[in-house]
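Naming follows writing order (A, B, C and D), and every chain is counted from residue 1.
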Amino acid sequence: MSVTLEDARRVIAAAEKRADEIGQPMNIAVVDSGGNLVAHVRQDGAWIGSVNISINKAWTSKAFDIQTKDLGDNAQPNQQFYGIHATNGGKVAIFAGGVPLSRDGVVVGAVGVSGGSGEQDQTVAEAGADAF
Amino acid sequence: MSVTLEDARRVIAAAEKRADEIGQPMNIAVVDSGGNLVAHVRQDGAWIGSVNISINKAWTSKAFDIQTKDLGDNAQPNQQFYGIHATNGGKVAIFAGGVPLSRDGVVVGAVGVSGGSGEQDQTVAEAGADAF
Amino acid sequence: MSVTLEDARRVIAAAEKRADEIGQPMNIAVVDSGGNLVAHVRQDGAWIGSVNISINKAWTSKAFDIQTKDLGDNAQPNQQFYGIHATNGGKVAIFAGGVPLSRDGVVVGAVGVSGGSGEQDQTVAEAGADAF
Amino acid sequence: MSVTLEDARRVIAAAEKRADEIGQPMNIAVVDSGGNLVAHVRQDGAWIGSVNISINKAWTSKAFDIQTKDLGDNAQPNQQFYGIHATNGGKVAIFAGGVPLSRDGVVVGAVGVSGGSGEQDQTVAEAGADAF
């Protein structure tokens, strides 16, 4: 009930396909049920600052069983989780691009994408998650 | 004048009971007068990202002898403690769920809860503190 | 195939019993298959510096599916893993007291103990693991 | 003059093939000329504590244009680089498994492998580098 390397590669392939379609090179990361990295790729030309962010988005999405964009809505000033981005050693990403991977209704991993706008990161992550 | 392991277990048991009542699995942590961890439990199914947050809420609550939700009110942008969440190596939690444990009017420890909404974390932490 | 809170409490109870027998208060931590903390206790009078060490011993033991004392043998100067204690953000403990928890031959978690001599930590951790 | 994602995949495929031959699941990471991660895979069953180490071995190998095992020889107590493992935020790996990737005599990236003995990590990393 977790994510195999084969699963991760299928998710990444679908995400890469979507990134190519929108013409924005991306970092794509997949974690398992424990939040541990299974696989990561940085497409040629993608931002080096997004290596860490893609991995952290995937971690965050599994760590709280939530899309990072939804966590972000609750993490703005004056919202209930404001300040959460500073917890867990700075690993909590609170902007779009992290999407849970579920099996039989249980979150067993997550995919994190970083390299474009929030909207671009989100659509690429969703394409990845759809392939799980 | 601190918190024994027996105290911590009584606090955690009461908090777990409340978490079960509201149907939300939680991370619950108790620290002593030095802010050091006495005990922690993660209920089955509770978020792994909340391990750190529950411990940090307890630490924060003792470190400033305050409920974390009250600290949070003062830690929003343009308020007097804005930025405090980035101090102390990121250990300062500024959202609901950390409640002091007092004896004879003196704060001698704290309980921290994370795993649900701010309201849920708070009610579980209060149930724990009431049992101290 | 991981470690429940009930499992962790059984392991901790057995470890505490052994710590009481040898008269040395201990920190005892249990992690699940992802290396994430399930439960921790610090017995009254146990070292506060051992909170972190007990958790890290448990993490290390699961992270490498090995007893920390055996990893330690390989992590001495001029041995094959010398320097490993500085990896993973300093979470790798290379002295006795971390023991894997296995089910059907698979490591699904670990217990970490810190608070006494290496020999004392080890016997307490083994007592915990035996109860799994 | 760096490492493309296609290059990294070819290196990783060759390393995986060697890991399969010796029957030891591995973490394999490839970095580019800037030391930044291009791709990482964790084979099913490989140690979660080796995610970080594989990436750090690759980083170290490029950062000093050297095999990590050779750096390790110089990083033992009383040797010229003793203590280097504590620099760079703990990213310097000083044991076998990190091998430079060169083109026309220039180091343009590196591969890092972790998951077995030092000898196993080294042979898998060399198989990866040979495919560059």
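Here, contacts are C-beta pairs under 8 Å (C-beta built on N, C-alpha and C of every residue); 3 or more make two chains touch, one makes a residue touch a chain.
Since the structure is predicted, the reported quantities are computational estimates derived from the model, not experimental observations.
The interface with the greater number of C-beta contacts, when A-D is set against C-D, is C-D.
In a homomeric contact, the two copies may use the same or different surfaces; for chain A and chain B, under half of the interface residue numbers are shared, pointing to different surfaces. With centres taken as mean Cα positions, chain D sits 25 Å from chain A. The distance from the centre of chain C to the centre of chain D, each centre being the mean of the chain's C-alpha atoms, comes to 28 Å. The set of chain D residues touching two or more other chains comprises 48.
If you check each pair of chains against the touch rule, the ones that pass are A-B, A-C, A-D, B-C, C-D. Chain contact summary for the complex, chain A toward chain D: residues 4-5, 8, 34, 36-44, 48, 51.
On chain D, the positions that touch chain C within their shared complex are 47-50, 52-53, 56, 72, 75-77, 85-86, 90, 92-96, 117-119. In the complex of the two chains, the chain C residues touching chain D come out as 34-35, 59-60, 62-65, 77-78, 80-84, 86-90, 92. Against chain C, in their complex, chain A makes its touches with residues 1, 32-36, 89.
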